[in-house]
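Shared between the two complexes below is chain A, which pairs with chain B and chain C, respectively.
So, the complex of A and B:
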């Protein structure tokens, strides 16, 4: 409880800091809107041209896109410490300060940054979800609502876990942003669409290694009533747990890596 | 057993150099930052830790404060090993880096302090009392509502010091705290450190290049060079031992920095 309170207070301070530069904040928020709006425009054009992708109709595609947008940018808002700041903290030695305080390293890293500008991206994602839900005429029963919430919750941990790969590598002073980006930003772009439209190697990548399919596509397809890979409904409640599992593995590796942290400066 | 005990401490860094023309691999060099350093510090001592740039002073401080893990050697601070019991250890320790800020840049000091209170889990009344005490001793009263980025260097240093002492640590590490400060701020800072050491019994390890700091504050000095401890003892004895030229050139005005420079030369640093 205490940790959550600390997190809340840290976020309050960070937002206060960002609002010290209101115009900059406003402009960047608008820039985010244009960026994510552009992504959605690409989808709209695609749907306008093709109507459907395999068995997925327009509404389904909007739904998948919206789920990814909301999940990914939630992670970027609240996990900014890991997704953006960590390599910088290692390079400049700011991580020293974190190690000097009697709290978990990851907790403090998450407390150290937030990116509220992404709120507009989430707005775009939400619009896409609403359009998708209407077009596909989803009947929102309680299990479906729970499934939806579960999917977003575990997607957060999955994406955070994937971003931690970069964090782990950079402690070992390896600059390998591209490798890590393949899974994070690459995964985001690819998995805006259901994974079964891809050839087998990519399907395996996004099911077994970076399980976007298990955390997002299986529950989303169950909500849409067109189960992915033909799996039964109940599996949709189980597979998202893989997101937390991936995060757990990364967390352990991260703790091991911290022993090799070598600080810089002064 | 002493409060701080450092026993045969070694720390190496691997430095990868830029690849030379014609060779395929990058050259790796092992730098021995600390070679078998041992010392003990008792509770309530105020010790100066000096040595030329790159001698390993900051590395020692970083190991003692739990940031770095050494290759070999034992360290205990009040019965705990810093890097294995990190959380329990840092709760009792305060660190000030002269070249780095540990507070939040864009928010008023008071917000930073209040967040530190939560991080260290300081009870509300203890925090109030300590904050009052520190703001008075460090003359921070008027600055508490100012964001850190608007403070001058001297003000910021005092603010940093207050932040590192809010949880009433029993051990304080200062890494070049007077760097870049004007005479007035320096004197004020020294007075405060003396006060903190005397009134609260805080053990202080001070790393600095400013010999005036050492002369004003520390009765005991440790000299580090090339990762080895070269001298450990009283300041006066050290000056007498290495100030060999004073008798020859009486008329030349020599300050403490000259003596130290001679000493480093004598020690082959």
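So, the complex of A and C:
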């Protein structure tokens, strides 16, 4: 509990400190808006040209897109320590100071950075969710609301877990590893669309190895009333847990990797 | 320089392959539902050529930004060089080596993919030659664009606002996120005239035959015109900056 309070206070301070340069902050958030807006524009234009993607109609596609951008950028705002800063900390030897303090390494890394600029990306995602929900005429019953919240919550852990792969690799090899981006940023781009449109190898990758399909697409398609892979409704409540499971595995690997950490600073 | 970090290059390549495969899979699924006038093989070719020459689009020279911010640019000012020309040549060289090194394995891979997934053959031999010419002009054009972005940084000292925005705009309007050929037909006339379309879109359309041989001279002329215009604008911008430049640091 104490750790959570510490994390909350760190986040408040970090966000406040970034707001000290309002103009720079504004420019950067607008830049983020252009980026995510560009992605959404691509989706709008695709829907304009093709109308639908297999059994998924326009509204469904907006919903999947929005779910991905909200969860992905929530992780980037609150998990910036892992998603952005960690390789830098290892490369410069800053991690040494972290090791001296009487707190967990991961806690401190998570407390070390926040990225509130991404708020505009979340705004774009929210707009997409609302459009999708309206077009697909989702009837928001209590179970569906719970399912939605559950999906976002576990997506956070899934994406954080995937970013930890990069953290683990960079402890071993110091040089930053672009390969890990395949699963994180590649996963984000690919899983803006429901995973059943992909050929089998990619479907397996996004269901078993990086379970975006289990954490996002199964609950989202249940909310839309078009179960993914034809799985029954109740599975949608269970499968998102795999996000936390993936994070758990990565956490254990991370602790193991930390024993190999050799300082690079001077 | 590029060959010194083989691991990073390989990692980047695998990442690009992956993005390419995912995009192709999406377009295949879309085409299965509603085929378009433009054949699917042209779309997949567009995707692979964009992925192969992606390096041309991304900003390359973090060193200059550091130099401007730390004040080390004073050394460059002492050199008996035309500053704009010097940086233009640097950017051009980095973009050329960076993209050639990545494009070759990428294109080989894309050509080996099964029918309907990979790269199609160029429309004709002259089309291929014209596409190559277009690509070279695109390289000159993108270097001129980047020099203008750099000039903004000299003013604001922060690469993340204005430049970040320009770079992101470039990704969309150069056809990296979505092929320009899939933009609404009514937009085509305008977006193909923008400077961003001159970088990769024009050479790709020449390659696939979207621009026929009789239209090629017009397309190449637009590329040349933009390149000249951007170089002149960049030169003037740099000269104005040099007069106002405050050397940071001490």
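One rule holds in what follows: the second predicted complex is superposed on the first by the 264 of 266 C-alpha atoms of A that agree within 3 Å, B and C clash if a C-alpha of one lies under 4 Å from a C-alpha of the other, contacts with A are read in each partner's own complex, and residues count from 1 in each chain.
By our rule, a residue touches a chain if its C-beta (ideal position, glycine included) is under 8 Å from a C-beta of that chain, and two chains touch if they have at least 3 such contacts.
The shown structure was predicted, so the numbers you read here are calculated from the model rather than taken from an experiment.
Enquirer: Please indicate which partner A:15 is in contact with in the superposed arrangement: first for chain B, second for chain C, both, or neither.
Expert: neither
Enquirer: Per the contact definition in the header, classify A:146: touching chain B only (first), chain C only (second), both, or neither.
Expert: It touches nothing on chain B or chain C.
Enquirer: I'd like to know which partner A:100 touches here: chain B for first, chain C for second, both or neither.
Expert: A:100 contacts chain B only, not chain C.
Enquirer: For A:51 in the superposed arrangement: first (chain B), second (chain C), both or neither?
Expert: second
Enquirer: In the overlay, work out which of chain B or chain C sits against more residues of chain A.
Expert: Counted on chain A, the partner with more touching residues turns out to be C.
Enquirer: Applying the document's definition of touch, where does A:249 land relative to chain B and chain C: first, second, both, or neither?
Expert: Touch partners of A:249: none, neither chain B nor chain C.
Enquirer: Both chain B and chain C contact which residues of chain A?
Expert: Of chain A, no residue contacts chain B in one complex and chain C in the other.
Enquirer: Would you mind writing out the residues of chain A in touch with chain B in their complex?
Expert: 2, 5-6, 9-10, 13, 16-17, 20, 93-94, 96-97, 99-104, 108, 259, 261-263, 265-266
Enquirer: Flag every residue of chain C that touches chain A in the complex, lowest number first.
Expert: Per the touch definition, chain C meets chain A at residues 5, 7-8, 11-12, 14-15, 18-19, 21-22, 25-26, 29-34, 36, 158, 160-162, 164-165, 168-169, 171-172, 177-178, 182-184.
Enquirer: In the complex formed with chain C, which residues of chain A make contact?
Expert: Chain A residues touching chain C: 24, 27-28, 30-31, 34-35, 38-39, 41-42, 45-46, 48-54, 173, 175-179, 181-182, 185-186, 189-190, 193, 197-199, 202.
Enquirer: For chain B, which residues count as touching chain A in their complex?
Expert: It comes out as residues 13, 58, 62, 65-69, 86-88, 90-91, 93, 95, 97-100, 102, 104-107, 111-112, 114-115, 118-121, 147, 175-176.
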